[in-house]
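Pasting a structure below so you can have a look.
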C-alpha cells in the first residue's frame, strides 16, 4: 500500500498535518482553531448554566452542536444559508453528527443541569470538515467543562468526560484505501467513510457511503483499520493540546 | 443467540412480516405500499422525460427521493413540516439517504435524460421507516423504469438497473445483536445501524451509531452479518413482488 | 336529467362508489380511509386531553383540521409544501373548511377541555377531495370521541356529537347539474359547488363558484337539491360504517 | 322584518352608506377608495403589458388580486404578515375570492396578453372588508382597462368587461336575516354569507357558513333575496362612480 | 442659491406643501395622515397597557415602529413582503430609524409600563417617505399619549414627551444643496441625507450617504443648515396640527 | 481632552491597535483578517467574471457585500440567522452600508462586467465591527481587483479603484468625544457615529445616532474632527498592508 504517493506527498495511511490552537476565542468558555491541512475550523463551546425547559428537573445536562461553512470557505462562493432562509440538508446532517459524537463521551448526570453548545464554523474547506469539526469540538468541550468546574457549575468531583473522541475520513481511490482525504481526493473516492472513535478505540459512528461502486466486506475492513490508526493518532494530538492548560490552569 | 425471544415473538435474526403491494397508486408511473410489520410506507416513482436544466445535454438521467411522515403516523401527533415552514434535519437526512441508495443501482447513462422522483410517505411508523422506504422505493423505481421503456423514453436495449437494493436496520439490545428493530426495540438499542445492500451483497451504505455505549469491532461484525442475511431475504421478496407484472407486462 | 350518462357510467344524480374503512391507523384515536371512487383520503383523529393555553379554564373543547395532498396523489407530481416552505392558499382554505364543518356538529361544552385534531391526507386525488375529507373525518371524529369516553376524558353522559356531517360536490356540466364530480368533470364544470350538510339535512356550508359562466337562481336550486340527496345517502353510509364498532366496542 | 332597528339605525335590508372615490392613487392605472360605512378599502389596479411566462403566446390576459389588512385597521393591532413571514389562511382565501370574482366578468381574449393585478388594502375594518374589496376593485379594474385602451394595449373595439360585479354580506342575527353586516353584527351572526353577483343579477360566488347553528333551505333563500337586492343597489353606485370619467375621458 | 427653480417650482430651500390630518383612523389611539407633496403616509399609534415580558417590572415603557409600503404606492408595483415571506433590508432599516427617532423624545420612566407601536404605511410614495413617516408618527404618538393620560394609564402629572421630533431629507443635485427631495430629485442626488431633529433643534439622527461622488465638509455643513431650517418649519406644522385637539380634548 | 484615560489606557483620540493580515484565505481572490483591538473580522472578496442578468450588456461591473457575526463572536451566544430562517434588520443594514461604502471608490465602468462579493464575517466582536469590516473589505477588494487584472478580466490600463476607503466609529461618553469605541464604551455612549471616509478625506457616509440625549452642532463637529483624524491613520495602515504584495506581485 505504501508505494503509492498522494498529490500532497503523503502515503495512503498518513494524516495531513494537524494543528490545534486552543483558546482562540476570548469570549467562549472553550475554543479551538483546528487545521487538518488546509481545512480550518473554528470550534467554540458556549457553557450555560441550566437546560432547556423540557429537560429541567432531571439533574441531567445537554450538549448540542451547530456546523456551518463561511460562504467563501470553498473554491466557489456559496450563498449564505441565512440569506436563503433555511439550513440545508448537508448542514443539518453534519450538525447532528457532531452533536451525537460529543454526547457519546459525556456523562450527562455528571454534567448536571448545564448546557454546552458547540459551534463549528468552517473558515477554510479542503475535505474532512466534519471530522476536523468533531476533533476540534472535543477540545473546546474539554476546555468548557474545565471552565464549568472552575466556576462551580460542575461538582469538583464530577467527571463528565468519560472518554475523548475524534474523527477521520477514509476512502477508496483507484482501488487503494486512503486516510484523511483532501478535497481533490474526496471527489474522486469510490467509497467515502467517516469514522468517529473514542480514545479507548470504540466506535461512536461509522458512516460509509458508496459514491461510485458499492464496496465489499474486505474493503470495509481495510477502511476501518485505517480509520482506527488515524483516530489513535488524533487522540494523541488532542491530548497534547489539552495537557498543559486544562490540567494546570 | 436464538434462545432470546423478542416482544413480538421473533428470534433475534428474524425479519418482521414484509409485504409489498405493487401498483398501489393509479397515477404514479411506479408505486409500492410496503410493510415491515406495522411500519407502512407508500412509495411512488414519478417519471419525467427530461432532466433539471443544470444537467441537460449530457445524456445522463437523474434519480432523487423525498421522505416524509404523515403527522399521525406516530404515537404522538407531530406538527406538519409544511406548517412549521421547514423540513427538519432528520427528514433531510433520510431523503438524501434514500436518493443515494437508489442512485447506486442505476446506470444514469442507460437511463438517458429522464428524471425519476421517489416519494416515500410513511403512513404508519413502527421503527425501520427509512429501511422500508428504500426497499419499497426500489420496487416503485423498477416499475417506473419499465413504464419508461414501454413509453419509449428509455432505449429498448438499455438496462438502467444494474442491481437491486434493499435496506434493513440492526442493533444491539441488552447485549444481543438483533435484526429489523421495531420501535420499542429501537428506543432501547445501545447501537443502531442501517445497512443498505445490493442484490449482489455489496454495501451501499453502512450507518452505525452508538446511541448508548460505543461499540467494538466484534459487535460491528456481528451486526453486519445479521444485516447481510436480512437484505438477502429482502432481495428475494422484492424479486417475487416484481416478477410477474414487470416481466410479463 | 337521467338520460345523460357520464364518463364512468353514472347518472347525473349518482354518487361514485363510497367506501369507508374504519380504524385504518393503529396509532390514532380515530381513523378512516375513505374512497369516493378513485379519490382516497386517510383521515385520522388525534385526541389530546387539554386545550391550547388561550382556551384553558373555560370548560370547552376544541376541534381543528389539517388537509394536505401527497405529492404524487395527482396526475402531475406537485412539489411538497414542506419543501416550498409554506402552506398554499388552497390547502389553507380547505383545512379551514374541514375544521368549521366538524365544529358545527360538536358541542364544545360536552367535549370538555379536550382537543381533537383531524388530519386529512389525500393519498389519491380524483375530484372531491375536500368533500371526501369532511365525510371521512366525521367518522374518525366519532371514533375518537368514543375513545375519549372510554378513557374517561369525556363524561359518560355527555353527548358531544349533536349531529353527523357529510359533504358532496355538485356542478353544472354542459348545462346539466351533476352530483359528486370526478376530476375530469370538475375541470369542465361551469359552476362548482361544495355543500356540507348535517344528518338532519341542515346546511353547514354552501360554497358555489362560477368557474365559467355565472349561474342563476334556478341552477342554484337544482344544485342544492342534488347535494341534499347526495349527503342524505352519505349520512347513511357513515352511519353504517360507525354502527357496529362504536356502538359495541 | 322592517320593524327591527339595528345598532346603527338601519333596517335589516339596508346597506351602510357606500362611497367610492375614484382615481385616489396618482400612480396606479386604476384606483378606488371605497367605504361601506366605516370599512375603508384602497383598491388599486396595476396594468402591465404582457402575461406571466407560463401563459404567453395564447393571446389571453390575466387578472389576479391580493388582499391585505393594515395592522391597525382593526380594534386590536394585528402583527404584520410580512413580519410573521407568511400570509395567513384568511388572507389567502380572500385574495383568491377577489381574483375569481373579477375574472368572472373579464373576457380574457378581449383583454389580450395584458396582466392586471388588483391590490385591496384595508385601511379600516368594520365588517364586510372582502365584499367592499370586490366592489371597489371592480371600479379600479374598469379604470385600468380604460387606461389600457387609451394606451393602445387593448384593441379599440375590444370589450374585455362583459359585466360588472359587486358583493355584499348577509347574515342571520337573532333569527332575522340582515344585509351588509357591520363588525358588531358579524360576530353575533348565526349564519354568515358572502354573495358575489354580476350587474345582470347572476351569481359568481355564494359562500354561506353556519357560524352558530346550521341553517335550513328557507333561511338560505331569504338571505339570497337580501343579497340580490343589495348587489343591485351596489351596481348602481358603481355605475354612477364610473359614468363621468371613464365614459368621457 | 435661490435663483434655481426646481421641477415643481420650488426654490432649493423650500419644503413641499405639508398637510397633517389628525385622527384619520377610528380605531387607533393616535393617528395622522401626513402628506409631503405627493408622498402620503398613514401613521397610527397603538397604545397597550403593559410591556413585553423581558421589560416588565422596571417601571419603564417602550416605543417601537414598523414602516411599510403598499405594493402600488410606487410607480412600478412591488411584490408584497408578506408574499415574499420576508421583510427587506430597506424596510427593516427604516422601521428601526423611525423607532429610534421617536424614542429619543420619550421619557420611558414617565410613560410607565405601557407600549406604543407606531405603524407607518406609505399609501403613495414620491420621495421622503421615511422623513414624512417620522414627522407624522410624532403626531400620532402625541395623540396616543394624550389618550393614555385620559384613560389613566399614564399619571396625570407625568410628561412622557420631552420634546417634539421631525425629519427632512436634503441632498446635493447638480452641485446645489436642496431641501425635501421629491422622487425625481432623489434619484439624481449626488449626496442624500436624512436628518432627524428635535423641536429644540438638537440632532437625533444624521444619515448622509454619497450616492454619486463623496462630499466634503463644507457641503455637509450646507446640508445641515438646510435641514435645520426645514425641521424648524415642520415642528411648527406639527404644533399647529396638535394644538386644538390634544390641548382641549 | 487628552487628560482622560480610557479603560484600555487609550487617550480619547487614539485608535485601538489595528492589524491587517492579507491573503488569509487560500480560496478567495482577495482576503484580509483585520483586527481593531479585540474585534476581528475575516473579509473575503470573491471575483466572478460576469454580472447579474439584470445588469448585463451595459459594460459595467457590480460590487456588493454581506456582513454576519459568528454565533459566539459575542459575550452571549446568539442564535444563527440561518437557523432562525431570516436575516435580521441590523445585519441587513450593515451589509448594505459596507456595500455602498466600497462602491463609492470603484469606477464600475473600469471594472467592466465583473462582480465582486465581499463577505465580512465577524469572528470576534468588541465594538466597531462594521467599521473594521469596511476597512478590511477595502484591502480584500484591492487584492481581488489585482487578481482580476492579472487574470485579464480587467483591462491592463483600467483603474477601477478611484480612491481608498476606511471607516471608524466615534462617540460621546460622559460628555467627551472619543475615537474608535470598544464594546464597553459603545454601550455607554450618548451619541454614536460611524463615519466612512475616502483616502482623500471625503465623506462617503455619516451616520450619527443619539442613543441617549440628542446632540448639538458643536458636538457633531467635534466628532467629525476625530473621525477624519482616525480614518487618515487607517488609510495609512491600509496602504502599508497593500504596498508590497499588490504592487510587486
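Letters A, B, C, D, E and F mark the chains in the order given here, with residues in each chain numbered from 1 onward.
Note that contacts are C-beta pairs under 8 Å (C-beta built on N, C-alpha and C of every residue); 3 or more make two chains touch, one makes a residue touch a chain.
Given the structure is predicted, the values throughout are model-derived calculations rather than measurements.
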| item | value |
| --- | --- |
| Each chain counted as touching subunit B and subunit C at once | none |
| Path length in steps (a step moves to a chain that is touched) from subunit A to subunit D | 3 |
| From the options A-F, A-B or E-F, the pair that copies B-C, where over half of the contact pairs coincide | A-F |
| Type of subunit A:subunit F copy interface by residue overlap (half), same or different | same |
| Turn needed to bring subunit A onto subunit B - CA fit, degrees, nearest 5 | 180 |
| Gap in Å, rounded to a whole number, between the CA centres of subunit D and subunit C | 29 |
| Euclidean distance of C-alpha centroids - subunit B vs subunit D, Å | 51 |
| Distance from subunit F to subunit C - Cα centre to Cα centre, in angstrom | 60 |
| Two or more partner chains touched - positions in subunit D | 85-87 |
| Cyclic chain order - from subunit A, heading first toward subunit F | A, F, E, D, C, B |
| Sites on subunit D touched by subunit E in the complex | 25-28, 31, 38, 42, 44, 46, 48, 66, 68, 70-75, 77, 80-87, 91, 117, 119, 121, 123-126 |
| Subunit F to subunit E touching residues, read off their complex | 86-90, 92-93, 95-96, 100, 104, 163, 193, 198, 200-210, 213-217, 220, 224 |
